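Reviewing the structure listed below.
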Amino acid sequence: MDRFVTDAWYVAAESGDVGRAPLARTLLGRPVVLYRTGVGAPVALEDACPHKLAPLSGGTLRGDAIECGYHGLTFDPRGECVRAPGARTIPANACVPSLPAADHLGFVWVWTGDPAAAAPEKLPQVADYGRQGWTIGRGAPMRFAARWWLLAENLIDPAHTSFVHRSTVGGASGEDAPLRLERGSGDVCFGRWIEKSEPVPVMRTLGGVSGPVDRWQTYAFTAPQTGTVDFGAIAHGAPHTEAAMDAGFRIRTVMFITPETARSTRYYWFQMRNFAPGDDGVTASLLASYAHTFEEDRMLLEAIQTNEDALGVRRTVRLPIDAGGVRLARVMAALAASPAQRVPPREAA
Amino acid sequence: MDRFVTDAWYVAAESGDVGRAPLARTLLGRPVVLYRTGVGAPVALEDACPHKLAPLSGGTLRGDAIECGYHGLTFDPRGECVRAPGARTIPANACVPSLPAADHLGFVWVWTGDPAAAAPEKLPQVADYGRQGWTIGRGAPMRFAARWWLLAENLIDPAHTSFVHRSTVGGASGEDAPLRLERGSGDVCFGRWIEKSEPVPVMRTLGGVSGPVDRWQTYAFTAPQTGTVDFGAIAHGAPHTEAAMDAGFRIRTVMFITPETARSTRYYWFQMRNFAPGDDGVTASLLASYAHTFEEDRMLLEAIQTNEDALGVRRTVRLPIDAGGVRLARVMAALAASPAQRVPPREAA
Amino acid sequence: MDRFVTDAWYVAAESGDVGRAPLARTLLGRPVVLYRTGVGAPVALEDACPHKLAPLSGGTLRGDAIECGYHGLTFDPRGECVRAPGARTIPANACVPSLPAADHLGFVWVWTGDPAAAAPEKLPQVADYGRQGWTIGRGAPMRFAARWWLLAENLIDPAHTSFVHRSTVGGASGEDAPLRLERGSGDVCFGRWIEKSEPVPVMRTLGGVSGPVDRWQTYAFTAPQTGTVDFGAIAHGAPHTEAAMDAGFRIRTVMFITPETARSTRYYWFQMRNFAPGDDGVTASLLASYAHTFEEDRMLLEAIQTNEDALGVRRTVRLPIDAGGVRLARVMAALAASPAQRVPPREAA
């Protein structure tokens, strides 16, 4: 899984970071400039003036258009050149690719594939987002120096928790509990119940959970960018129903990955919990704890990237714990091979 | 324009920086050591001993010769080996390429092509250099992390001034004034008159110019390395003659570019002005102001280099303002294709 | 000489640095993890779990085995997987290459070639190591950003001493004394007597040597990794016998080179002397002095590597002083071409 899946929405930035000052980002290896029009609509253009390739992000907004800082060529939100100083007529090829952009879930999303295929209904949906009783905490975005697939695979992999995150959300008691592919949200849903277990540290410290519990880890992934980890515990012996789980200790963490270059990936996330509603101290503490686990992941995945580069190989030992990743790889490969999936034609270059 | 034009003189260093301590430079991708003989003549040799490739710049001068710091092989200014410790006879291939070198305009120039084609009369000439009434200010050399052509193109491009240098030598009022290719100095001469304009900031602050003026920007380039910007103003309505211009506010800035590697370029410059003669404060202020504009260029051209590398393309939108660059590209391409233009044969390697 | 000679023992670390905490190293371009079993035997495994390539050095020792920090796969010292959490049977290809390892001369050595060919008797032998009357000083390991052959060649090259190390062990009086290939220790033995010479600085300051001396420099190299420099002086006119040399001022420095990557090399060394027995001040002073000369070599060889990369060539001027290097290159080439010399087969990748 090295190819980018281009026909998709990806998070480009947090909504609050996109405004009337141009913001430069790299999405799927491509420089993109983000800004907002006068009425606040997000705009995404390739961050390279078609004249000499100067980054438009170094330019100046003129109303809803952006003026290049080199020679003043000015482009509207559709990427059409509306002014070329010193030219009576604007050359037909003086346009810059415009990428569909939308605000959603507190982020600015950009469609990186064929613009004709973009549609708001293809934006990832998050169940219960904004619903009464769920408190949302927003994590600080991260950057991993690792190829995007290493992150995707990690996000459909409950088994690593017992080892990588032993000191936080993990705990050795679960490492041999069987994992099951399930019908559920997303393209792949993979998880397990660990019955009659001790609560793991965060359950004790933030949720006040004690005594033997049945706890669950369910990892769902909607290709190509959205991972959800559903994590919680109920008293041992209680029924394993959604209603009971909602009444127990439950955290849903939603993570969006955005390929930046062939070897780096941006990572955006928030989480929703059903306990300690509105308690900012608990929110901060949970975010810090999860940020710590993501740092553990980051160090590990970057070390794997380094090893892949040094060895020039990728291993293929396959274990039962890989069932989620294997299924997800199949979904991703189908997406990447789809006829709709093609790099949008460039203007003459 | 990626090929280097090798059959040419390039600035290697400021004259004052070349002395009896070997100085290492890279010219057109090639390591070069510079030093002076006992009588002060500049010497340029490939900075690699033919024995094991140790840089000669790490060695020691022995009279007019330079001794390698690894095994003591010693080379005279023509690159002939005059001593090889431990050897009764000196191997015929123990010589190092010598490059013609000359002091000129306060710089040490090196001819990077076939030494047989080097001639002092091919050194760039600067009109009025040292003439009575002109005060010279010498700028600090710069290094751009951008390919040499991006600099050359920028130096035959008056149009960017209105946008890149808006706060210093630019000014929006000129951005639509027509540019004309002219007969004049250099291979290409491209410029414009902006009539009945406000004086731009430096004219007001350093030259005391006020009221509506006719101002000019003329960019000339002599391939492959010399740019001259002639910039000034006369009272609106005065005749546009050389004599009137010499009596007005006039600054000629002369810039020499030296390709260092495929993606980096050295930049040397000085300027000549006809006002505030000998006033060191004005000299310092003008140099600071121009250094600031060159910093603006540097940041822009390095960002373009980054975009070219990321996108793997170079755009071809052509505008009337590009006429100077288009003509210069043709001159450069002819130079690069010339039969005289060949990499000098290397000794056996 | 760019190929690695794989069928050999190389120093991987100082013995004291390998313990119960996994230690990551790179040998011949390959990541290796080092640790010790409960009884202290050194273990070397490829530092990449065969499951997802996570570095095992980020894992945890479990008795004599090492547990991967990603999913808990656990490998014994032979590289066999002894545990795979969540799997009923361990896949046959879940094993990691194990490299023979041994303690010797205060270092942990690793055999990087076909394990079947490893044998303790192939470990380099150092004459008089530990013998009465010789004081040993151990130098701090170094890393050179240069390909291994540049170091090997430097270690069979007495001639550079007069130039690179003029201020320490060198001295101009010897630079024209003839060098002779000799029968002696190692594959190549190359050296010279410099008769009726002044003692060089270290002889005067640490050995109290004065007056005219006959001094010797003998450089021996046992391919592919062991250099020995025998360096000393006796009174001018004394017989040139081993017994007389042992009675004079004598230092043997033993250096082991370990290719790390194609362009970096690790360097381990100690020295043995016959004067000032047990005097820690003299030991420290000598080590500091030699470390200084090795720094001189490091700067020089790294500059050569830079020049090789910039010029894309390697020169072939051959001088009489190169006789040792020429013979060593022939020995190395034969080793590298040997049928035994092959990269060990990898498991399915």
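All chains are identified by letter, namely A, B and C, in their written order; residue positions are counted from 1 within each chain.
What we mean here is this: a residue touches a chain if its C-beta (ideal position, glycine included) is under 8 Å from a C-beta of that chain, and two chains touch if they have at least 3 such contacts.
No experiment lies behind these values; they were computed from the predicted model shown.
Could you work out how far chain A has to rotate to sit on chain C, using CA atoms and steps of 5 degrees?
When the C-alpha atoms are superposed, chain A turns by 120 degrees onto chain C.
Over half shared numbers or under half: where do the identical copies chain B and chain C land at their interface, same or different?
Result for this pair: different.
Distance-wise, how many Å sit between the C-alpha centres of chain B and chain C, to the nearest whole number?
Whole-Å distance between the two chain centres: 48.
Could you pull out the residues of chain B that touch at least 2 other chains?
Where chain B is concerned, no single residue meets two or more other chains.
In the complex, go through chain C and note every residue touching chain B.
153, 159-160, 162-164, 175-176, 178-179, 299-300, 303-304, 306-308, 310-311, 313-321
Which chain B residues qualify as touching chain C in the complex?
Going by the criterion above, the answer is residues 26, 29-31, 47-55, 58, 67-72, 84-88, 91, 93-94, 346, 348-349.
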